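One chain, chain A, links the two complexes that follow: it is found with chain B in the first and with chain C in the second.
After this line comes the complex of A and B, so read on.
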């Protein structure tokens, strides 16, 4: 009965979504407060029913109810509990359920925490959110129903894809979806504002928390996915420019632009068209990502089983929402009043450059991702667009972004003084240069590594220059009132600095990959191998049974200059039901770098083929992402309104601090 | 009971809209949000001024700007909020009609309220008995340490069959013969596992094992039974009839084995009803014939149900292969199944699909070619 109650709850959620789509919209047109107010209970009830349905599906997975086809295809009674729970979204149907759960959660959150939003805007936005709910719930119920039953039910299931049986499955998809789908709130608000026709600084205030939260989750989700791929796929790469990865990078890039743009709009009432456009673009790219992954256009570990019917359905959703919102945008954009004016050289101007560079790099990734697919659909040619393309297009667009970022932070609102901003940055630039020389002396080639590392240091130091200048407006010697000024700084200023520094930290980790060492060997017990500054040796090889797999483990010691510094245990697992092997890399973090060993099956002569890596500073890639998300979180925690106070023209000169930001 | 719960849920959904409708409407001023926003902005400017982050002149300018924006943001039309009983009634009717209509309409088409939940623990208590999985894991662990223990392979092989791990059963039987030596029984059990792995079809490899069993003991009953089954599956009715009739004449007339064979014989005369006969479940009694749970369930069903279930199994295989691809063995199993189900067109299509799917794999292509020849399919 629980299965069918879950099934029915999902259908009821669809019915509520239909009501949520119609009634508030009608209310907003008829200016009927009662109908508009219905959006709130409808959104909350819709979420409650989807949550009930999701709980029922999870329960079926946990108790191994093999009368559900979804459980049979993706579960096994011996699977550990954590993978029974997280395995719910480790398949097509379940992952769409998670999507729907987070979509309705977003709607409910918007309904519950948006008392400050004008009722008409909220009604229109929730109506759009209801429309999204209808589309995705219909998609689930008609093409990907997780509650499809089997009778007679088999006694055992097919188990979950072994690659997915990893703690990463419990973390990566929910975070990523919170990011992807979290942007639906921003999208709905933008569409609602376009329908109502009123877009002003207050609108930017309403979308700020949602944009920030979604962006933080997306950042964490991408970083977690990258780390998962890194330790599980066994060749030590962390980013493959794979279409599925790009599909998550696209909304991140436009979401980052949106974040900055919305700040300008809130403070200065400028860049309205940009903000609305980016709000639409970001969620559209999330939808596109869903389409790419779920339609069967791509085959990867993310795509699960797919069929053309589903692809067509998602394509329809895509066309409806992207087309519809862009149409609205086309109608309304020309009527938007121009807000605050600003000179080309100003914080606003710098952020326009930021927008341009981010959207251009977004376009580069977009082309690199979709061109091969389009070409294949057009004439069947398979081409592969890999790292070289992206290094040539994305790299040159991102490099100026990195160089300009600290400068933009130090420009004043409305009209800035470039020279003064550069003067304030001399220390950061000097640090960067010194670091570049030091890295060159210590590690040497390749040139991308030490130049990149130098730029990274410049970014990290530069990120804090603005804060420094606000705490010490008259230099280090005049330290009066320092404490009060520091505590008076808004949290969002700290958040900005930390997030920007996080990008620098990530860049440092990326740059350092040039100094890594790699070895492919046929390992034998007792022998030692030099990798980078470390020696690895195999102490013993053992075999052990797991709950639903067998495991061959190589116990290895890591030593430096003769002293053992760590033990690692790379292993190879063989999953009996799916008859598939999965390698578990042995990883140890030493001074932010990592020793990484991945092994293959044991040969007949007792040797094991292994890949050994030394990856200096590699953990900074993900620590940087954590810092970015943490900075975003700090900013989110800052509930104060932001005011961008422009200086009077007569007072521009002089190197005093830019105004509160 | 389930209908009661579903009705209750529907009621909750409808009420979640009716209840707020029945209460007095909220009366927020449309511009309240804007006023609040710019007030907060002015307060923030004052706070900045107090902290000394901006000076007085800047603060005044910023405040003036915020005030100008507030005036611009509040057009008077927004202040009017209508509330009508008519729209309220229409909304209530919509909620009462649309929600149950959509929910029951759709659920009626896709739901299965007649099927009970089947959590595994509850089923194990009623259906099987002991936890097979744990026992198998134990034997597997033992075998990992003692790979030369043929008895253990022999012990675990029928359990694999029961669990549907047919390929494992095949390799276990193979190991058992290699380790313990050749007997007719072991050959027949091996053949049986091969047939299970091929969805009940006695493949040429399986038949080869049967022949080797008969070389050792030409009178071995079960081997002869399988030989008959293979002939029946090839549509070689005469050969099957002869083998099985001979067997009956040698058996005591009222033995269960004789009865089972007589039933099979009777089936031979009603063409189209043969289907892929599950070998283990229907082999004559006496010798320990393990009955796979699925096969037993199939055998227990009435004839056309049985056909339906088998077809459903074949369709599932076909769908899985179409969606996820598979090895040559699986494709061959599908093609064979269609042939046995008397659907040559589908067999032909499956062959073509297999050839496309396994493009570039010369060994598999060769196997497919042989199979096509054997089944008389066009290539």
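After this line comes the complex of A and C, so read on.
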């Protein structure tokens, strides 16, 4: 019964989406305020019905309703509750349901919090959002129905892929989707603005909070996915330049560019066309990612099952939305007026360079990800483009960003003084150089490690130089009113500094991987093995039963200079339903670095084969990403960016002539 | 600077950067791309020693040998031809005789494929797509997909 309610709610949501797509759009053309006003309740109701449907599916998973094919294929009655709930999105149908849930949530959020947006723009934007809803709900209902029945219902399910039975599954997909799909709001607003043909600085104010929020979630989602891959795959790697990972990096790169470019548009009314283009591009790349991951073009742990029909359907959605929005862009872009002027050396100029570098590195990743697919379609040659390609292309394009970032922060709007900016950064540069020498003295080669670490320190210190100069405008000695100046700084200034420093922290973690140690040994109980500055030894091997698996655990001690500093328990799990073994790495964090051990089967002589890693400062990679997202969140809390402000500002600037026609 | 000069600076710096990016990408694509072959294609294309490749196929049953010091050897087959592979290190969880495998490395002088990484399937239901295609080409593909897997579990 509940399954039918869920299925029916999904169909109703589709009907609402069709209504939301057509009526407000028509209303905006016919200037009928009542039709335009329909968009808001339609978006809210559409979200409510998708949420109901999603809840019904979750309920079926929780109570192990094996009359649903989806539950049979991906669940098991002994599976722990957390994986019954998160396992809903651990398969193709369910993950598309999560996608639809977040898509309609985005539409509802836009409808609920956008009273500042002019009614015509909102009507057009919500109509585009409704169009997205129609496409994806149709996709679910026609090709991937999660409510398909199985008759007769089996007594037991096939269980979830053991690799997915991990707390990461509960966190990574929702965060990533909030980022991916959150950009749909920005896309809809851009498309709506293009349809209406009126784009001014206020538009940047409408999209900035949504861009920022989606960007924060995407940052967290990527970082979480990377950490999950790191601890679960047992190779000790955290980024593989796998096409699926690249698919999430692409919208992050263009989203980062959008974030900075929207700031220029908001402050100076410049770069309008470019901002609109990035808004379209970012969500298009999200759609492309969905296509790559969900269509079965790529085989990975993310592509649950491949079905050519689904691939074609998503390809159709992709072509429709990317093609449609770019066509609209082509029609309207020439009619947009040029905004504020600026000298090449200025904050705007620096942000243009930022955008160029980010989009160029985005393009490099794009080529590396899609070239193998294109070549295979072209002549059937199968190639793989791996880390060497990306290190060679992404590295040189992204590295200048790190050097230029603090300089850009210290340039004034409109016309900047490069020399003065460099002078202000002498302290940060000195810190970076000192750190480089200190790291070289302490840890030695390779070059990438100590140079990278030096740049990272420069970046972290440099990120706060602007704030320092605003709090101490006359140097450290004149420290009057410091507290009031510090608290008077807008939150977004702190947010920028913290997010930029976060990138430095991540870079430091990446650079430090050059000093790591790695070895593969056959460990006998009681013997000590060196890895980095630590010694590991197996204390005991035990077996333990889990809820739906058996587990062999190696208890190891980690000691330094003879004193035991930690215990570590890598294990090997065997899932009985799928008859599949999974290694659980043992990880312990010591001074931001980690000891990482993954074990294989126990040999006949009682020794156990293990990979041992010492990864100095590795946890900084993800802590840096947390800092970036935190900085973004801080900016989001800034009162200038709050939703109501755009309305007040619009009212004030409404007196002056609108800039775009 | 005049308005025109400003715009030209912007356009030329953008074009310069784009040109540099294109150059780097093309350069990197020439040298850092690894081809994927099945055992039969490898024999046909007469791959020389030292060229980096990915090979894929099934681990031929009965060929997996553990030598001392984590070294293992096995043969990758597509039913028609086979390639001997040697690898030092821990094998992935799902590595088994008779199962699909992808290995990356290069041939040595004795025509043994020295792999520096070995990948197996992500779970028991799926075959690496390259391997499935290589097997289909040789006509030895058997449908061992989802249905067989779930049938065995009931």
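Just so it is clear, the second predicted complex is superposed on the first by the 640 of 661 C-alpha atoms of A that agree within 3 Å, B and C clash if a C-alpha of one lies under 4 Å from a C-alpha of the other, contacts with A are read in each partner's own complex, and residues count from 1 in each chain.
Going forward, a contact is a pair of C-beta atoms (placed from the backbone, for glycine too) under 8 Å apart; a residue touches a chain by one contact, two chains touch by 3 or more.
Just so we're clear, the structure is a prediction, and the values are computed from it rather than from any experiment.
Of the two partner chains, neither chain B nor chain C is touched by A:231. Once the two complexes are overlaid on the shared chain, A:141 sits against chain B while remaining clear of chain C. The wider contact with chain A, measured as residues touched, comes from B rather than the other of chain B and chain C. In the superposed model, A:515 lies in contact with neither chain B nor chain C.
Contacts of A:543 after superposition: chain B is touched, whereas chain C is not reached. In the superposed model, A:25 lies in contact with neither chain B nor chain C. In the superposition on chain A, contact is made by A:356 with chain C only, not with chain B. By the touch criterion defined above, A:9 reaches chain B but does not reach chain C.
In the overlay built on the shared chain, the residue A:313 is in contact with neither chain B nor chain C. By the touch criterion defined above, A:154 reaches both chain B and chain C. In the superposition on chain A, the residues of chain A contacted by chain B and by chain C overlap at 154, 156, 305, 577, 579. The touching residues of chain A, when paired with chain C in their complex, are 73, 154, 156, 158-159, 161-163, 234, 299-301, 305, 341-344, 349, 352-353, 356-357, 360-361, 363-364, 367-368, 371, 381-386, 388-389, 392-393, 396-397, 520, 522, 577-583, 598, 600, 609-611.
Every residue of chain B that touches chain A in the complex is listed here, in rising order: 1-2, 5-6, 9-10, 12-13, 16-17, 19-21, 25-28, 30-34, 36-38, 40-41, 44-45, 47-48, 51-54, 57-59, 61-62, 65-66, 69, 72-73, 78, 80-84, 87-88, 91, 94-95, 98-103, 106-107, 110-113, 115-121, 123, 127-128, 133, 137, 140-141, 144, 163-165, 167-168, 293-294, 297, 309, 323-324.
Of all residues in chain C, those touching chain A in their complex are 1, 3, 6, 9-10, 13-14, 17-18, 20-21, 24-25, 27-29, 31-37, 54, 70, 88-91, 93-94, 104, 122-124, 126, 128-130, 133, 146, 149-150, 153-154.
Put simply, chain A touches chain B in their complex at residues 1-5, 7-9, 11-12, 14-16, 18-19, 22-23, 26-27, 30-35, 37-38, 40-42, 44-45, 49, 60, 63-67, 77-78, 116-120, 141, 145, 147, 149, 151-156, 198, 200-202, 205, 269, 305-307, 337, 340, 470, 481, 484-485, 488, 543, 545, 550, 576-577, 579, 640-643, 645-648, 659-660.
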